[in-house]
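Here is the structure we will look at, set down as structure tokens.
Labels run A, B and C following the written order; every chain starts at residue 1.
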Amino acid sequence: MLNGLAIGSVYAIFALGYTLIFSVLRIINFTHGAIFTLGAYAAYALTGSPLGINGLLAGLTLPFRLPFVLALVGGSIVAAVCGVIVERLAFRPLRARGADPLLSLVSSLGVAVALVNITQYLFGAEPYSYPDPLASLPSAVNFGTAGQPVLVRTVQVVIFAVSMVMLALLTYLMNATRTGKALRAVAEDTTTSSLLGIDTDRLILLTFIISGFLGGVTGTLIGLSVGIAGPYFGIAFGLKGLAVIVLGGLGDIPGAVVGGLIIGLAEAFVPAQHIAYREAVPFALLFIVLLVRPQGLLGRAQVQKV
Amino acid sequence: MSVAPAVAPGGAPALDLLEVDDVTCTFGGVVAVNAVSFRVPRGELFGLIGPNGAGKTTLFNIVTGLTAPSAGHLRYQDEDITGLPPHRIASRGIARTFQNVRLFGELSALENVMIARHVRTRSGLVSGVLGMGSARREEQATRERAAALLALVGLADRPEERARNFSYGDQRRLEIARALALEPELLLLDEPAAGMNPGEKRALSDLIRSVRSRLGLTILLIEHHVPLVMDLCDRIAVLNFGQLIALGPPAEVRKSPAVIEAYLGDEA
Amino acid sequence: MATFLATYDFLLVSMVLAAVLALTLYLPLMAGQLSVASPGFYALGGYIAAILSTKVFHPGPGLYPIQLVLVEMVAAAVVSGILGLVVGLPALRLRGIFLALATIAFVQILGVVALNLQVTGGAIGIFGIPQPFSNQLSYMWVALPLLLLSMLFVARLERSRTGRALVALREDELAAAAMGVSPTYYKVLAFTTSAVLAGMVGAVSAHFINTWNSRQGTFDTSVNLMAFVLVGGSRTFVGPVVGGLVLTALPEALRGIADVGGLPGWLAQFLRDGRLIIFGVLIALGTVFFPQGLITPGLLRHLGRRRRVPHS
């Protein structure tokens, strides 16, 4: 069960960035998975570690090395910048045309596939692992008693803590700050918001920066937890992330966390004999939710105006 | 305010084609249509007016099945059609045009009208693809029917032109041709004169009259241009904030204090 | 000529099969539905053919009888059709993004199931699928008619009452319904027809590729199909066919250029392995700049007119 929460909080942080974009722009940004991968690789490079032998940049090592936390931040900044570039190239022209959100999904899918494969081309497909930054901390935290230890890996506790902090920060941002209110105005109606003097472009930029940064953080933390298993895990996460954000409610920030935790727990509770089907669980849930309650658990039903 | 069915020309009591019975529709917290009841006898030209947001289009959407009422019933030719989906209502002979023209923009004028022949034709996937004789004959008939309707509304010269290229006024006429292709007995026109100049409005008025008498239609008309409505309609219903505040022949409605008050500040 | 055909036999047949598969994305798209479910039915069709030919029909030595391949295709068509109905009826009440997501989920679920069932051979899949032909190029005897017949089918569909209904739904579903077109019926029809076609392609492909496992018919395939249709053209059946043919040949052509030599190492490697990068970029460019694809109905009309002019 703790394992489920651990995995779930991983999904949750990923989904936060994912759903943030939907909450403001009403589009699904499939590149989130690719950007989170890039962030992880960038952080890895910034720790001064050598790059793998399969990619174009084989054997390259940056001439400096940063302590892990700084590398994390640096990698996330790289991710945020990539997010902005993607927005400019893939989303803005569609938004200017007033195109259907479905086109944005397809376009972001194309960019994600291209990005992940470029990453693979540059860095190679073999697994990487970070030099251990938590060496000074105990490797596991004991949630039980001395007699009946319930051990959870420290890194998983960190991830869970980070996800809760991020959730709190984002919720605070969206609900209690002026920027948050402006963001929600843009989400309701972009045209009216800009007529009211809200700088929609800058806000959308901000959204992508936050989302990209979150993606980078997530990617690096996950990479720390399970190692980077090759760039394709960005696509896998992107796909699973869809299940998470739909389950929680598209655009709903607490929903992202709820969805993540539920899917994490659901995967953890698959009985042993069916363990092979675990990967199908998120998608089965996605399918069912779409049929039964497409607005997700925390979302509001959308009324269509004729 | 009279709710009794009008007497058709000829003296005999008319059969009610459409019966709107205590229909209410609520969206979220807003009551768009509030316990509206009226009957439309066969052959009548029935007008529906009211300030913006009064619920007229919502009422049309309810009659054509695009929106389900929260309460109340609809009867058409003595059959309860409440809650039926739009395509089933269309197949029973109720056709409409839309307030914001909803043509199939990428398709040609002819194709737009041909599509509405759907419920009057039957060839399916197999016969269509195989090009069986019956399908081909039906296709030819559909084409001819559509061309005739285009001629009826005065758009016979550009059948292959894409619908989105037509002028606004022509698009509205095309929408009428399309609705007529359904061979309806009840035609709902939602602000057909919007955006037309006076000359076009006169032509439209004539078209509506001619269509009604030649095809024996019953027509429900939403219009903002009050002179047009007063001129054309046998009876008029007035909605305000979703409620029916007046119903009767034009002369009567025009003098109704409730109507005058509702329109106070609005252009007549 | 003979050496060309011999060298590229695998590629040519793959191109043709890809073109048919592209049509399976096109069919629901005619009704305005983005459904990436066809890779799932493609995988299913392949498994049916693989299982039937390796475990049910016990062929003797020598070539596998072509009639049995046709039987498998029919079986694949029927099963895909039924599954298409079962999945389509509930799923097609969804619109836009939600439908696309549901079809993505469908393909993922099928993939995991295929990976784990005994009968599908688990992770290893099924191999040693019997061959009805002695060489790869002969598969054209099945692939090409399949392509031509599908093209004919879709072309006639586009001109028929049913095709009009689909296009009306694509243009404006609400207005189409108000004009008497039943959205659910036609969307399910397009979806199921697409499933049937995808299943048949899968059945042929299983024999063609000789092995079949859960790596066939995945999200990757969806990406390919989207590239074919987005680049080739989404408004006429010619588009996906051209897209499928050209984009399947493209990686090979690039590989050929890379092999010519004289190029810097990184570029050569990019040309060899960069298929997905190129497809991804094409999809993005396509949606942003050419949402109707390269082959549009306007282009076809223009080409049709130009051919007639010289006789004036």
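Rule of thumb we're sticking to: a residue touches a chain if its C-beta (ideal position, glycine included) is under 8 Å from a C-beta of that chain, and two chains touch if they have at least 3 such contacts.
Since the structure is predicted, the reported quantities are computational estimates derived from the model, not experimental observations.
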* To do: Please find which chain has its CA centre nearest to the centre of all protein CA atoms in view.
  => C
* **Inter-chain pair with the most contacting C-beta pairs** => A-C
* Asked: If you average the CA atoms of subunit A and of subunit B, how many Å lie between those two points?
  -> 50
* **For subunit A paired with subunit C, centre-to-centre distance based on mean C-alpha positions, whole Å** => 31
* Cα-centroid distance, subunit B relative to subunit C, in whole angstrom -> 43
* What are the residues of subunit A that contact at least two other chains? -> 306
* Structure fact -> Within subunit C, the set of residues that touch 2 or more other chains is 174
* What are the residue numbers in subunit B that touch two or more other chains? -> 66
* Asked: Okay, in this complex, where on subunit B does subunit C touch?
  -> 64, 66, 85-88, 90-91, 95-96, 98, 102-107, 111, 114-116, 118-119, 121, 123-125, 128-131, 135, 138-139, 142, 178-179, 181-182
* Contact set on subunit C toward subunit B in their complex -> 153, 156-157, 160-165, 167-168, 171-172, 174-183, 189, 193, 235
* subunit C-touching residues of subunit A, taken from the complex the two chains share -> 28, 56, 89-90, 93-94, 99-115, 117-118, 121, 235, 239, 242-243, 246, 276-277, 279-280, 283-284, 286-287, 290-291, 294, 306
* Can you list the subunit C residues touching subunit A in their complex? -> 34, 90-91, 93-94, 96-98, 100-102, 104-106, 108-109, 112-113, 115-116, 174, 219, 223, 226-227, 230, 266, 269-270, 273-274, 276-289, 291
